[in-house]
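Below is one structure, written out as structure tokens, with a few remarks after it.
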Amino acid sequence: MIIQLHGRRHLLDVDLDIDIEEFTSHVLFGPSGSGKTTLLRVLAGLDPLDEGELRVDGKVWTQGSAIKVPARKRDIGLLFQDHALFPNMSVEENVAYGIPRAKRGDKRGIIQWALTQARAQGFTSRPVASLSGGEAQRIAFARALARQPRMLLLDEPLSALDTPTRESLRNDLRLLIHTSGIPTISVTHDRTEALVLADQVVVLINGTVHQIAHPSTVFEQPADAQVAAAVGVETASAGSIVRRTNGLAEVEVEGARVFAPEPSFSTNGVLVCVRAEDIALAKEQSVTSQRNQLMGVVTRISPHGSLMRVDIDAGWNIASFITRTALDELELRQGSTVVAAFKAPSVHLIPHD
Amino acid sequence: MIIQLHGRRHLLDVDLDIDIEEFTSHVLFGPSGSGKTTLLRVLAGLDPLDEGELRVDGKVWTQGSAIKVPARKRDIGLLFQDHALFPNMSVEENVAYGIPRAKRGDKRGIIQWALTQARAQGFTSRPVASLSGGEAQRIAFARALARQPRMLLLDEPLSALDTPTRESLRNDLRLLIHTSGIPTISVTHDRTEALVLADQVVVLINGTVHQIAHPSTVFEQPADAQVAAAVGVETASAGSIVRRTNGLAEVEVEGARVFAPEPSFSTNGVLVCVRAEDIALAKEQSVTSQRNQLMGVVTRISPHGSLMRVDIDAGWNIASFITRTALDELELRQGSTVVAAFKAPSVHLIPHD
Amino acid sequence: SADAASQDRVVRAAVASDLRFAFPEIIELVQEEHPDIDVRVTYGSSGQFMTQILNGAPFDLYLSADQAYPATVVDEGLASEGQLFRYARGRLVVWDPQGTLATPTIDDARNANTIAVANPRHAPYGRAAMEALISSGLLSVLEDRLVFGENVSQTAEFAQSGAADIALIALSLVISGPLANTGTWTEIPQDLFEPLDQGGVVLDEAQDFTAAQSVRDVLLSPRGQEILARYGFED
Amino acid sequence: MDIDALWLTLRLAALTTVILIALAIPIAAWLAFHRRFYTPVLEAIVALPLVLPPTVLGYYLLVALGSQSPLGQWWTSTFGSPLAFSFNGLLIASVISSLPFAVHPLLTAFTSVPTKLLQASTTLGAGWPRTIVKVALPLSRSGLATSAVLAFAHTVGEFGVILMVGGNIPGQTRTLSIDVYDSVQAFDYSSAASTSAFLLVFSLLVLTTTYTLNYRSSVPRQLASSYPQPVTVIQ
Amino acid sequence: MDIDALWLTLRLAALTTVILIALAIPIAAWLAFHRRFYTPVLEAIVALPLVLPPTVLGYYLLVALGSQSPLGQWWTSTFGSPLAFSFNGLLIASVISSLPFAVHPLLTAFTSVPTKLLQASTTLGAGWPRTIVKVALPLSRSGLATSAVLAFAHTVGEFGVILMVGGNIPGQTRTLSIDVYDSVQAFDYSSAASTSAFLLVFSLLVLTTTYTLNYRSSVPRQLASSYPQPVTVIQ
């Protein structure tokens, strides 16, 4: 299925061409308010466009303000960001609601299957009003799934869940998408979720598509400064290329000099990005394959999930993630001197200014 | 302010005594459906108890099904999990709604301050219906805050936000709680959030309080098997203590033997917990301070946030988080042989069976 | 009515509906004889007027479609016995609004599907119509073809709208006013029912008692009675 | 009391309510969910039967249903009996005169069903009818109950239109409300009072039952246990 | 057409609507938000004025307000003029007879305000009055509009109660609907038709305006631009 969306809606203004069968699992990634929900709603046929059109497999689904194929004929399973469960029905009735007539014969089986996939067995006959936030989210997912639609649109499907449930559901979801083969577009804010789920990530910022790429590419080689900010590259500073030799670029960034692979573009103004997990810390400089070794002072140590984040002023302010064990071994504390080491390929240059 | 809640409500059944002034920032942590929202609603006076009572500073606030101090007199700022913004008002009107009469003189200033704290400037006069999920969450936070209440109850205040916004808002929130001194109870699923925000974590599972402790204690030394599961200890298996010598316990777990600090309890059936980030990987066994060195085979490698998760079968199935750099250096892939090394103090024993 | 404002002698009259077409001419006569008197009329059901008068309705002169209601008003102490008067006798007709019969008689009711009469429980013409049907031995035959109007006017509307075939109503309605040239009618002999004597009373609380009496006097005067006769009343 | 009238009133009110609800659901749904620039005009038009005095509305209906009208003639030739002065005629008239009460509260309720839920229904493949029956209507229980209660009560109390179109025929078109009206007009106050009291008590029972059932079933069964105490939403 | 009657009708309908809305808001709020086991009975009681035929209701009101009643006597001795047959009496009567139409739609609308928003209001320190005025009422615009529209239209069209309590006194208590009723009774169909047409067109304008304003302001300004096209919620 090829989705071609060229149009505007509120803040959204996209030119998007994606094949959701080539990459069964797409993730829509972007900061809050960037238009992700709006995009899903346009795809689902709930919102018209202010201008432009949406084609699916060449067929016009929406043309400007005219919705040519109504939502109910699009055969899409949409998980609403705020769930939108029917409060007048039980959990089971909610899940059963969208099962097509043809499949009603095996209704019980399908409901069971969908609830199992959503890890939501055990509250089948409960009234919806009594569900907790996370329970409601799983039911909403089961309801979208039970239709066995030809496309799933999931708006933050796991945001209300606790970490262990989320992790296992995330893996199940990936498996489900690939075994069922139902093309899926999921919205997420969570990096791990994007990495686990996505075959391809679409980065949406401020209403426009900034990058469409493999998840690791997006997180390691963001296409521009906004993407770098959106995916949370911890260190991204303006610098300029001072020399290009042997496929290497020498970049001056704030008070420091670093080496990076020579970029394909010719401008010298660049944004220098390094992910905190690619920066190793050591007590002293040593002879390794790591091109860049900057001496600096620890300015802050803070927890970051299961890791510790160490901020270092090495002329240039950089951040590094290290394990607690490493932290103990290095006996780091605020004010310690430390060497930040990272390979040239970890440095990603983005044209800037 | 001392909160004493002894009572039942739906699934919730707690005996909770906490001083929210001694520890200004409490985090309520627990899996989906464990009763976190119910607990906050009881505190806020929106739900009665089925049985029992709630006292604050010795004064009875709720006695069984009778709400003695009504919600509006409790002077609490509650952020609802689903925001509950007034759709008939603009953003600004929502935020202004709860500002007490006495402070109305400086209304504009307070609104501005609350919106700034919530990172929600820029959409002041927007109708609420046009807000995105994350925008709505921030406004809901600003609305609770603008009251400058004597207690803040935040039900998943950051769940709808993208990672960079969440990270900075999380830090701001911590700062805010401590500078303003408003005692705060926040609900979260996110471990980093709990670590950053909490002075004390209350772990709620299946309606009962399982542990009240400093955040790092909760995550590193969960009180029981359920807490271990809830905080997502990656490796937690049943084993039994075979020997206790010199303050060390030797434990047999599945096919392996590991050393742990001798526990204070005397039963020998234990749950052996090790956090994945505490397990280092090496090519070969070496002489280090690390007591436990288990040889095993890599069964799976998967991304985990900015790290990689490596599952190892060393007789006992254990998981380790390592950086991508380390993964490359060790040239690990599925089937590789590897040594998992971890210090005895990283092993946490919980009485079991 | 610019000069009506300059007149200060107001008479508020509650007048039975069957006088609706005749009474305006009476007013003209009052104007002629007492230019300073302004008569303000309300037409309606005699019974309802009585209820209202008993509860303090601001009327000076009450012209009923029967004699019992004014007597009750006197009994209740709102008017003196001496103020009671009889001013006309109503006449009953059989009316064929379609005009298919040249001279419809009460016996023609046998061929009608629906016969409209006023409600005998409270409308004087309804009571008279029922008596006429009983006296002519038709009631048992027609009983289930009768429909009952709230008053004579509504009874006429039943027929006029085409919903009822014939109606037993007041002569005054079919020889004057908008129905004058619609359909055909014949009078029902007066010996078939109790006389429809109509009485009135001047109320004690009248704003301008003498003016109200003047209006009554005009009504009872030969010229007044002549007008009533033209509109289908006997004296 | 008149048992025939009671029975007739009951039948009329019940049937009118059922028909009105059946009509009101699609009309209200259309007005609520299919908004065009002219929708407010249609909403206003639905309220118009209220604006005409019942007797006048009744007169126009009588003309429309009477034996002279095309509809009346067609009805008579098809069903063998006239529409005016019959139960069916009454039914049509009271459906029309109570239409606003059935449509408007339901319309209000439909309007407050969250749009997102309707959209969720359509993305789940449901068309108009299913969405209305399964989602909009259950979430509008309170509006539906109000519609039914107002339609029922108004039909019980209506007499202007019913008197005009029905002709007050005992056992056929004489409802309790006409009976009370007649008693009042005939100064039979004790009978009026007892029938009125009966009407009030009886209606109170019916309406209370409706509201109680509606309230009961609007609180999901499993939640009901959490409301053993009085429910005060705002303290 | 009778300009006095038009003016009177307008004043009466407008004042009745204003008073009713002012009464209906607290009554409906109390019924909706303060539920007890007896609440359904109260809901039913509010609907009861509908169950009595207007004339009968009017009769009881007349007795209650008239010169024989304690209330009527007190009023006369206090204000110097009687309550019955005055504009004030009419106003009281039409407020009572239209009460159900004002309360019930608003009650329906209040019932569908999400509980969570009311709770949000209370946690923000607002008491009953503020919560109702600032949250419940704005979210019940559509119910409020329906209440106002039904109350207005019903007052315009009401004549049974008004005729009984007001006495059809020209310039004082003769409303347009009584005027139309009078015209029909006088077989003056052309005048009845033109006044009816005027009533209908006039009411249509008032009601359409109400609905349009209500609809406009219920769509937030900034969102309105997203609805240049007809809004069909369900395709």
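Chains: A, B, C, D and E, in written order; residue numbering restarts at 1 for each.
Throughout what follows, a residue touches a chain if its C-beta (ideal position, glycine included) is under 8 Å from a C-beta of that chain, and two chains touch if they have at least 3 such contacts.
Not measured: the values here are computed from a predicted model.
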Steps needed, at minimum, to go from subunit B to subunit E via contacts: 1
Interface composition of copies subunit A and subunit B: same or different, split at half: same
For subunit A paired with subunit C, centre-to-centre distance based on mean C-alpha positions, whole Å: 89
Whole-Å separation of chain centres (CA-atom averages), subunit B against subunit C: 90
Centre-of-Cα separation between subunit B and subunit A, whole angstrom: 23
Chain centre separation in whole Å, for subunit D relative to subunit B (CA means): 56
Set of subunit B residues in contact with two or more other chains: 10, 45, 70-72, 82, 130
Multi-partner residues of subunit E (at least 2 other chains): 59, 119, 121-122, 127, 139, 184, 235
Set of subunit C residues in contact with two or more other chains: 48, 51, 154, 157
Residue ranges of subunit A touching subunit D (in the complex, touch as defined): 44-46, 70-78, 80, 82, 84-89, 97-98, 100, 126-127, 129-130, 143, 147
Contacting residues of subunit D [partner subunit C, same complex]: 55, 59, 62-63, 65-69, 72, 82, 84-85, 163-164, 166-169, 173, 182, 184-187
Sites on subunit A touched by subunit B in the complex: 10, 30-34, 36-37, 81-82, 130, 132-135, 138, 155-156, 159-167, 189-192, 195-196, 229-232, 275-278, 280, 302-307, 321, 323-325, 343, 346
Parts of subunit E lying in touch with subunit D, wherever the complex brings them together: 33-37, 39-41, 43-45, 47-48, 50-57, 59-60, 100-101, 104-105, 107-109, 111-113, 115, 118-119, 121-122, 127-128, 131, 139-140, 142-143, 146, 149-150, 153-154, 156-160, 177-178, 180-181, 184, 192, 196, 199-200, 203-204, 207-208, 210-212, 215, 230-235
Contact set on subunit D toward subunit A in their complex: 114, 116-117, 119-127, 134-135, 138-139, 220-223
